[in-house]
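Two complexes, one shared chain (subunit A), two partners (subunit B, subunit C).
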Partner chain A sequence: MEKTMNLTLRVWRQKNRLSVGKFETYQLSDISEDSSFLEMLDILSEQLVADGHEPVAFDHDCREGICGMCSMTINGMPHGPEQGTTACQLHMRHFHDGQTITIEPWRAKPFPVLKDLIVDRTPMDKIIQAGGFITGRAGSAVDANAMPIDKQTADYAMDAAACIGCGACVAACPNASAMLFTAAKVSHMNSLPQGKAEKDRRSLAMVTTMDGEGFGGCTNIGECEAACPKGIPLDMIAQLNRDYAVAQVKNFFQPVL
Partner chain B sequence: MALSGLVLVLFVLGHMLGNLQIFLGADVINAYAYKLHHLLPASALWGIRLFLLGTVTVHIWTAISLTLDNRKARPQGYDVKKSLQSSYGARTMRMSGIIVLAFILFHIAHYTARVVPSMEYGDASVLSPNEVPLVKHGHAVVKEGEPIMTFNVNDMMVDGFQVWWVSAFYIIATGLLCLHLSHGFSSMFQSVGLRNTLWRKRLDCLAVLYAWVIFLGFAVIPVACLAGILKEDPSGGLPGPVAAITETLHK
Partner chain C sequence: MNLDSKIPEGPLSEKWSSHKFKMKLVNPANRRKYHVIVVGSGLAGGAAAASLAEQGYNVSCFCYQDSPRRAHSIAAQGGINAAKNYQNDGDSVQRLFYDTVKGGDYRAREANVYRLAEVSADIIDQCVAQGVPFAREYGGYLANRSFGGAQVSRTFYARGQTGQQLLLGAYSALSKQIGLGKVKMYNRHEMLDVVKVDGHAKGIIVRNMVSGEVSRHASDCVVMATGGYGNVFFLSTNAQGCNVTAAHRAYKRGAGMANPCYTQIHPTCIPVHGDKQSKLTLMSESLRNDGRVWAPMDKEAAKKIREGKLNPNDVPEEERDYFLERKYPSFGNLAPRDISSRAAKEACDDGRGVATTGLGVFLDFRDAIKRDGKHTIEERYGNLFDMYQCITGDNPYETPMMIFPAVHYTMGGLWVDYNLESTIPGMFVGGEANFSDHGANRLGASALMQGLADGYFVLPYTVGNYLGEQGVAAAGQVTTDHPAFAEVEADVKGRIDKLLTINGTESPRSFHKRLGHIMWEKCGMSRTEAGLKEAIQEIQALRKEFWGNVKVVGDADSINPELERAGRVADFLEFGEILCRDALMREESCGGHFRAEHQTDDGEAMRDDEKYAFVGVWGYEGEDAEPALHKEPLVYENIKLATRSYK
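Right after this comes the complex of A and B.
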């Protein structure tokens, strides 16, 4: 039999980028444990609209955990209490009847709140723009077998490419650092032969952009890794640090940037 | 941060090994201290001191600038925030660092500058205050007919640690240093990129092990002093009763 629960929600409400936000408390009853977290928020919004209030604004798109749009801190944990799970794939069975759930947007200076739980994650796009590309032949697709890549490298690059750019790493980091995100992108492209041409340039450009956007510095404590819904490992930050150091040395003797 | 940390990590190990020589006898620790001061010319000693001071300064300066940058990166904090997997040591690096710094300042005033009031820096017994003969293989080292005199480090340490609050502060500070190292030791490998999935686990274990070795190696000395295992030795490690020693010296 389907179980239902009654919840108290503390949701961050903020009209726009310039206004001052605050928490609003809502009561929600008869929520099915099979509904997803976002469906629960949909029910809340329907209730608010029926009462003549503004619905809660939050980012979402695919609702199957691969687009990286949903972005909310649930009870102090980005994407909520389940490991390796985005907020959209989180189900209400991980909560219990009578629980108070606090929902906040990502908190970071480079991520200003646009409305309620929606933040502007443009700075991550800027990091991608700075070096998230390769020099490739334009025109028809290259034959997949034209460039042999060993299995380990392909697997590693695939693990790095799993990053959906949701920003949970930044949200979880006590320093609001974007190192894990940047590391995933750098590890993905620097490890593949297609990305080797811009390797040093990429490492420098992406880190410089990251710093310039106002993200904090890494203190190697590993909160990002635990919050990442795609399990990007901390070891990729080590690779970023390594590639960055090598690029700095090369850049000193012969500018690559 | 990582490079200055590496210098300091190696320094504390050397310092600990040096200190542990107190267990080998007053003559050994006094001879070690004598070597530190006289093996190299004074300018080199000051060079090393300035290098260490510079390293500490760089370490603190990078910590402050990192902290300021990181505070700026999150102007508005969370109402509810949970720690997911970071260790207690990693989250309290700033606090442990500040307390260890306060300790280092006291420690230098206590044992290097020797300016802490109420501490006895010498034993006004048979031999002249502070000074004891340099002892090697059970005999005073004689140079040009005169025994070489050296500072009685053994007594200074034992005397200092017999003050309960000095020992308590020392043990607490080295405990916090242990906590600081449990994160710092493996973190420096991460910062320079010398870590991978396999070595991360090993280095994390090694960091905890290293931190414990450093803590126990330092803390065992005040404990031994308070327990009476380490005693003052006004002769500086010469065998036989003090009277006999002075006699041999006057010959």
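Right after this comes the complex of A and C.
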């Protein structure tokens, strides 16, 4: 009663950062529709290993859609055709027998390909390192209920904090902009009372680092929102732009950075 | 093996504060002379690295993922316990301590658990200060929910993503220190061995998983926060990369491995669908606050449901066996994990299981939706329901969820004393990687608590104390030029070469699956003497086969997932045997360890406090020798040992 399918895969193969990559075509048969997309790739890997070839290297870890490690563009869409889903949570029931599936790494200048489908996303870490934190040394905190935060604000911060840092927004953006990623962190922290003290520094430092790492500018295309597996809304970019503008003005009169 | 637990003198409630007062301090100007290695960037490792750097130490932090933000702590869903008593419902440090010891089936060390309960409140303060967006009530104060094994509401949560939000909090603190240059972060690096100099841990050997380069790193001490070993079962809720290598390598260098048989099988996971499955997905235990667990009373009805001929919604109320509510009326659906898992297994063994495999029971929200409305349930569990639907294709608002137990957490781990220092001086172990706080069973929402307690509030003190004791003259004296580094590095390289040159016919994944099958069938939810003896023999044979016939494609000088897996499976193949030996030695049932020979007439676990109230610590005796068992007696001065009852 389990439905299975046969597939043709076109997969990007690239030995390392410096080499030139190309698509290879593979045939897979009897894939269960209950398998996840990455389990399908596991089966491909086993098939390749059995034939003495190197398996396709891809990033993955939790396979629960939360760690943000998996990163592949499936039929032209980061994380594949399903809305609000990471590649690891995509299931084969969304594909059909005989289909050809094209799998590529994230394509973005700041994310060089390390091997096959694996890219280097450390520039995103650098944006966080620049200001994506609320300084609160262990041991210095006051009682957690000392500062009530209205539910609306807390919920908004949580919506923003849901970002898993996978980089699909960057991969989807024609400019390879990291605005949605940066905006999510800025919106999370700037909206909370705890985050106000560093608000201006944070907005300026994160945007400056984002630009410095080679991410493109935002031209309001909205592909990022469509590709985001966690539904981070475009409004957050508006919030970032507001906070950044205010910080710039303040910085002009009295430097905060 | 020296198993001095170094529990401070004095009454329980004063031990930690008086111990902190007696500790050696390192003056702020001298801290920058020390270098600390932290392996792992989850809650324990990330928080420890950030806190030690805040104090002024130089830290190097290593993780195998591409960013420290991806450590598997991120996947914890339900919440984090803390004795805040914000609900005014009778919670206290004393009660959290008691619940944790009882939940652990009286196999944890009292002093450690008390400290955990004591610092739990500070964790919530710390996380809120960092901007962790915990759920709040309309009045603006923090919300709580209840969780398995407790009768108070002490669990703080951030939707179904509590682990993610807490980890991102630790990651942001860590990132700040990376930005300041106080922490040097090594992403995509795997620790492959520990280096001892004059008996003390003074560094590690790692492999850069991108370039393949094997390198030496020296330090004044090593903190290991490398997670649990659930993947020895192949299928578990752990991330794909979770492994026992770092802990097992430490064991082979002299660290004691404590209570490896205490493995937690979580009751609410999505049932297995086929033999190509790579992992099991957990549905948060918090679902049991509103979902009711049941199986059909009638085997025929169960069969029809399995075959898709009967819709579970059409099973009338009187033909449903709400077995947790029936067996444990006072805790009901919130019975602890080990007990709930066994009850589900019992129903399935009885032929009343559902799901296509017969290995599943229902978790039904029909009554909760009727009572509170769909909107409320959606607000509480929306993302979990979506995840369930995404994986199974079923809509849990309309048809009951199906769940089955799966390996989830490992209470056992490297033995540590009160200072979280292992039997190798200078090697500290935090989080799931150590054995210290959960006894034989961990309560829900306590893993996050322990990881952060170790990372933010225990290790920053005890590591400083160790460094203070070593004296500032010793700071930075050991370098990678020491011959011990060359020796261990050669071992590591030799092992990699060996794996690549066997050139057999079977893939590492295939060996891993076969090991997992042995472990699950013979050392899973129910264990017997005969089964464990068979398992040990089968694992030994499989290990031999592995070293003769594993096929590792690719090379050592680039990204090679096959080589990474082969190394991890090789260690699981050794470690699995130790786990089975521990299970065989422990002739009692307690918590997550259930020996079929030791049960009451109604199938409950039967402990043997006279003979087994000790920590079983295994010491490495050489490549072909059996490991040696050492014992740390568990002394209960404050809690009276009792038969655990949730009835």
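Assume the second predicted complex is superposed on the first by the 252 of 257 C-alpha atoms of A that agree within 3 Å, B and C clash if a C-alpha of one lies under 4 Å from a C-alpha of the other, contacts with A are read in each partner's own complex, and residues count from 1 in each chain.
Basically, a contact is a pair of C-beta atoms (placed from the backbone, for glycine too) under 8 Å apart; a residue touches a chain by one contact, two chains touch by 3 or more.
Source: prediction; values computed, not measured.
Colleague: Have a look at where A:235 lands relative to subunit B and subunit C in the superposition and call it first, second, both or neither.
Modeller: In the superposed model, A:235 contacts subunit B only, not subunit C.
Colleague: Check whether A:67 is in contact with subunit B, with subunit C, with both or with neither, and answer first, second, both or neither.
Modeller: In the superposition, A:67 contacts subunit C only.
Colleague: Which partner reaches more residues of subunit A, subunit B or subunit C?
Modeller: Subunit A has more residues touched by C than by the other partner.
Colleague: After the superposition on A, what does A:133 contact: first (subunit B), second (subunit C), both or neither?
Modeller: second
Colleague: Taking the superposition on A as described, I'd like to know which of subunit B and subunit C A:91 touches: first, second, both or neither.
Modeller: In the superposition, A:91 touches subunit C alone.
Colleague: Taking the superposition on A as described, I'd like to know which of subunit B and subunit C A:227 touches: first, second, both or neither.
Modeller: It touches subunit B, and subunit C stays clear.
Colleague: Just to be sure I read the superposition right, which of the two partners does A:165 touch: subunit B = first, subunit C = second, or both, or neither?
Modeller: second
Colleague: Under the stated touch criterion, which partner chain does A:245 make contact with: subunit B (first), subunit C (second), both, or neither?
Modeller: first
Colleague: Which partner chains sit in contact with A:50 here, subunit B, subunit C, both or neither? Use first/second/both/neither.
Modeller: After superposing on A, A:50 lies in contact with subunit C but is clear of subunit B.
Colleague: Overlap of the subunit B and subunit C footprints on subunit A, residue-wise?
Modeller: Common interface on subunit A, subunit B vs subunit C: nothing in common.
Colleague: Touching residues of subunit C toward subunit A in the complex: what are they?
Modeller: Against subunit A, subunit C makes touches at 47, 50-51, 54, 65-70, 72, 74-75, 84, 86, 122, 124-131, 133-142, 158-159, 161, 163-165, 168, 171-173, 175-176, 178-179, 185, 187, 210, 237, 239-241, 273-274, 276-279, 281-282, 308, 356, 386-387, 390-391, 393, 456-457, 460, 507, 509-510, 551, 553-554, 558-562.
Colleague: Across the complex, what residues on subunit A touch subunit C?
Modeller: 1-2, 15-16, 32, 34-36, 38-39, 42-43, 45-46, 48-50, 52-55, 57, 59-69, 82, 84-85, 89, 91, 93, 114-115, 118, 120-122, 124-125, 128-130, 132-145, 147-151, 154, 157-158, 161-162, 164-165, 188-189, 192, 194-195
Colleague: Which of the residues in subunit B come into contact with subunit A in the complex?
Modeller: Counting only subunit B, the residues touching subunit A are 66, 69-70, 72-87, 90-91, 93, 183, 186-187, 189-197, 200.
Colleague: Give the list of subunit A residues in touch with subunit B in this complex.
Modeller: 10, 23, 73, 75-77, 102, 104, 107-110, 172, 174-177, 214-223, 225-227, 233-235, 237-245
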